[in-house]
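Below: a set of structures, written as structure tokens.
Shared chain: chain A. Partners: chain B in the first complex, chain C in the second.
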Partner chain A sequence: MIQVPLSVGVVAVSALAVAMFPRSVLVFLLFQGSLLFVYRARIPERLRWSLLAAALLVLMPVIGYFNSYYLEVATQVGIFVALALGLNIVVGLAGLLDLGYVAFFAVGAYSWAIFGSPHANIILRGGFPLAGWWFYVFLLVGLAVAATTGILLGLPVLRLHGDYLAIVTLGFGEVIRVLANNLDKPINFTNGPKGITPISRPPTPFGLPYGEYFYFLALLIVVAVVIVNRRLEDSHIGRAWEAIREDEVAARAMGVPLVRMKLMAFACGASFAGVMGVLFSAKQVFINPESFTFLESIGVLAMVILGGMGSIPGAVVGATVVTVLNLQVLKGFSLWLNELKNAGVTVLGYSLADLPTQFEPAKYERMVFGVILVLMMIFRPQGIFPARRRQRELGG
Partner chain B sequence: MALFEARRVTKRFGGLTALHRVDFALEQGIASIIGPNGAGKTTLFNIFTGLYAADDGSVTFRGQPLLGLRPDQITALGICRTFQNIRLFSNMTAIENVLVGMNSRIALGLWDVLSHSRRFRRTESHLAARAIALLDRVGLQANANAVARSLPYGDRRRLELARALAPEPALLLLDEPTAGMTQGEAGTLMRLLRGLVADLGLAIILIEHNMRVVMEVSDRVTVLDHGEKIAEGSPREVQENVRVIEAYLGTRGAGPRGARRA
Partner chain C sequence: MDVELLIGIFPQVLLDGIILGFMYALIALGYTMVYGVLEFINFAHSEIFIVGAFVGVEVMLGLKSVGLLEGLPWPVVLILVLLAGMAGSGLLAVAVERVAYRPLRNAPRLIPLISAIGISFFLQDMIRLFESLWRNAFNLVYPTLDVLNLRFELTETMDVSVKSLVVIVGALLMLWALHLIVNRTKVGTAIRAVAEDQAAASLMGIDVNRIISLTFLIGGAMGGAAGVLFGVQYGLINPYSGFIPGLKAFTAAVLGGIGNIPGAMVGGLVLGLLEAFAASYLSLLTGGAFGAEYKDILAFSLLILILIFRPKGLLGEVVRERA
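Then we have the complex of A and B:
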């Protein structure tokens, strides 16, 4: 049982290290790694969850106090974890490849952006922005609107599979983005490419700063999403989704109502994105169509695949890895190489300062990300945490 | 009124008439459908279970018309099937495969699932117990948690049978259940089927190529050739039917029938 003190120690030491070196990316990564270690360690479940809860509920906000950027990173991770979990239902469980998933995120975001800002005065007469507490109502409105949009997308694509489905969903994602971009005439719904601002924020309880507030709210939503996801997965609904993924014909013949189950998958997946969209628009205060590009959809898909399709811990870890990679590691790597360059370091007799600008590290951030994806798919195609089958007690 | 009755069922694929005015009826027990490859046996199953739409004719089950219903609705009424080339949910465990088959017997809403209501928990544990009983019946209890794709061939066939029994059907359609089995395994399976008929009052329609099995287990045999019914009767009657012998062995002097089929 050496893992018990080890787990406690690792979390404590890494948290302390972050407090001492609040600017070091490596140390923050260490902290994240310690959470992963605790999740995987062979320790009593009670201890595991108390450690994770302590780290996320207490340590993380404290770290955020020293370096608010880390809290921003954590909040973004939370947003993407919820998105990845939503897409995981559609792609991982039901096997419906959706390349336009970010559209639901956009729908949620715009639903609060329009009514939570003075913008709605242009459409309806007066009375906007809505008071801050409406934000909480709109978390549900965003959920409902996104779920409805999911069903609307689902209806025409019910008979499509694989590549065809992927192309149609890709088109759907673009349609939503283009609509957002162009619906400023004849009636100005979205304010086009200029975007909408300022979007109201809810009043925070206990005078919490907004950084902490959105972090806790994102965490709360993620926890709810994980619970919902698990319950769906362990029910006849989840089994029906997986049966559709495995063999649609056999699933129908075994009594799975195909239309209902597929629409339900689209609606459930979309609803998570809708809720997070509402949070996102309030957090950002400003949104425009740029935040909802095709690349975002692909990014979320990469999270699901990297983590392990159909696996909840996989989606969580996948989303964390990709977000941290994009926001911190690759950026940090770029900065570090630049520092070396400016310091005039020479490698094998070649001065880095002579490096042409084309080779500037910042320019191949995306390439490094791509290479990582390729390597992952070659050496671990099943993802970081592949889905494991639930083993049942057989009783007697 | 028969339990299951099909009348003048016709199905065309483009220019090819796969089934031409086929009549079929079953009251109880085991009925077999035999015929050379391409005779339309599986097409008939696909129409019975709603996977294909028939071009003409009618199918009724307990007096209720089936044509136009979705496969899951037909399953809910009490007809379930297996497939010629095993179609399990390969990445799910054996017990999960059986549980999927119970889908049409579950009356739980989204809210029950999300709230883990008492109704939900009771239903789930009841279903799991039933699934294990079914696996036990086909001799797969020890493999309940094994992933379907990892099971050996014979076990996969038996798992498919357990899954087909999950919706509590009154009529079971089995598409070549003994394909690829040894004579011994086939014999065991047939005893199992006989037991199902005796214990559960199940009616079974069997598509089968293994003639020894067909003759031994069937109460009635229907012979299809080129989408038409050419004979029907007890196994002995069918065995002695001239047209059947012709269809299987070809007529003397008329050249091999197989050439025309190819």
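Then we have the complex of A and C:
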């Protein structure tokens, strides 16, 4: 029972440390680590959830009040957690490798961007942007549009298996990106590479600043997504998905309706991305096709693989680790290196000031994703937090 | 619509399409040979291809810095660069197989594919890292040789530059050499035997691992040659410029029938021609509504359609499913 005071202590100490050193990346990482510790510690359930709730609902916004950049990081983490959970359904549960997942995110983002900005005036006649409260309606519209896109993609590719399916979804993702880049003529739908701006934001309740507002909204959606995921996993639908993943022929013989279940996996996965796309476009105020490249799809895949395919806590932790690596560790390392350079530090007789200017550690996202994917596949294909069923199967 | 213009540019577009097609064919060979032997999409092949282009540019810049670029006769320079690119890419392909694919050979099918995607991303940034530290730039320009830019006027509306001829001749030589290796040598027989049935081949005394490495070496070398030719033809390269040609070449391999070597050549040529015509004619035919950018959509839609309706490709190789 030593873990009870330990858990409380870790959260309190790390929160205090963040309050004292609001600019330190390491301290903020410590805070995130303490949440993970609480999640894994052997403590009464009620204490666990109240600690986590206190940290996420109270401490995090307070930290964000002192350093708004961390709130931005937390919001990004929330967005990617939802994306990873969505892809987790398609890849982890149903075993359909989707390499163009970000396309659904794009569909959601563009659906609000077009109608929530004056841009729609070009397509339809007048009256745009829609009033801010329509944003809430579009959360559902984005969900529906993305789910429909998922079904439309799913229908033709249902006959494909494994790696062919992966390549086709990759091609589909590229098609969506090229369309977003070029549909500024003959009719201007997407404004091409220039992107769409300004996108309206909803009025916030209780006069919350937008940083906090989007943080809480992302958190709310993530909680909803986690609950839906949990319920799905143990439902007959989730079981059917896992049966398809393990052996399609056997699943069909057992009476699993393959077509319907695969379409449902695509639609469910896509819908989470669609909702987050709507939130993303409102948060950013500006979107262009650059945000929806193959790189993003692989980034989300790396999150799912790192955490463990088919595992909900895995997807959450994977998304957090990868986002924090990209947003904080790589950038922090870049800044630190620059400081050393400017201070004229030498290492083993080599002056850091002589480092080539094109060497920017912050730009090596692909290397991070690549290393994660290869190392996980070779050494731990079941992920950091394997799904229970998969753990037994792969001998974790 | 200006019919005369449409007909007038036809021969030039045809030529451009053939050049592009040979390039795709060379890259597609790497995908198709590996698929034939392991039934696995070597996703990192697009980076193996672009590494060839980078090795080539480094050799050329090296020659330039010691004054040999102008000093040596130009065919010697080209052959040196081509050989260097092939060696670099071939060895890299063998190394990648050794590190990232061999340990996963008996894993479920998606596992090595994900590993290959990881390698692809890793290599892109490794090239960038290396060139940033070495040259402080990762967008590199191929040094030009004056003779390569000479143009012959064939007809009034069509001319061909020496470098385009180099690409066509180089590609044809490579394809011919590959044909000889695969069909006329003992090693080629072994490669075909392993592709047919690994277990039986190993019972016949063939060292399967060695043959798989050799397949990666040959496929990688073809990719490296394509990389050098790509650099010579288009001039500007960066670590990420292998991805789209790689994906197109994969499309070409599937189009021709994956695992089938003549199929890769046919598929490459067909895709190259289709793309060249789409790039030139789409905008003219639709009055500017759809620009040349839609050639990418055309290629990917083609890929999706073939996989759905004729997964065995044009030349009809039967695709086996591994459980």
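Just so it is clear, the second predicted complex is superposed on the first by the 361 of 396 C-alpha atoms of A that agree within 3 Å, B and C clash if a C-alpha of one lies under 4 Å from a C-alpha of the other, contacts with A are read in each partner's own complex, and residues count from 1 in each chain.
The definition used in the following text is that a residue touches a chain if its C-beta (ideal position, glycine included) is under 8 Å from a C-beta of that chain, and two chains touch if they have at least 3 such contacts.
Note that this is a predicted model, so its numbers are computed, not measured.
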item	value
First, second, both or neither for A:Met254, with chain B first and chain C second	first
First (chain B), second (chain C), both or neither touched by A:Lys194	neither
Touching partner for A:Met264 - first (chain B), second (chain C), both, neither	first
First, second, both or neither for A:Arg23, with chain B first and chain C second	neither
Contacts of A:Leu301 with chain B and chain C, given as first, second, both or neither	second
Touch count on chain A, higher of chain B and chain C	C
Touched partner set for A:Ala240, first chain B, second chain C, both or neither	first
Chain B versus chain C as contact partner of A:His161, first or second or both or neither	second
Residue numbers on chain B that touch chain A, as the complex places them	49-51, 70-72, 75-76, 80-81, 83, 87-93, 95-96, 99-106, 108, 110, 113-114, 116, 120, 124, 127-129, 132, 141, 144-145, 147, 163-164, 166-167
Interface residues, chain A side, partner chain B - complex	228, 231-232, 235-237, 239-240, 242-243, 246-247, 249-258, 264, 389-392, 394-395
Residues of chain C touching chain A in the complex	40-41, 100, 103-104, 107, 109-115, 117-126, 128-129, 132-133, 135-138, 243, 247, 250-251, 254, 288-291, 293-294, 296-297, 300-301, 303-304, 307-308, 311, 321
Footprint of chain C on chain A - complex, ascending	95, 97, 99, 156-157, 159-164, 166-168, 170-172, 174-175, 178-179, 181-182, 185-186, 294, 298, 301-302, 305, 355-360, 363-364, 366-367, 369-374, 377-378, 381
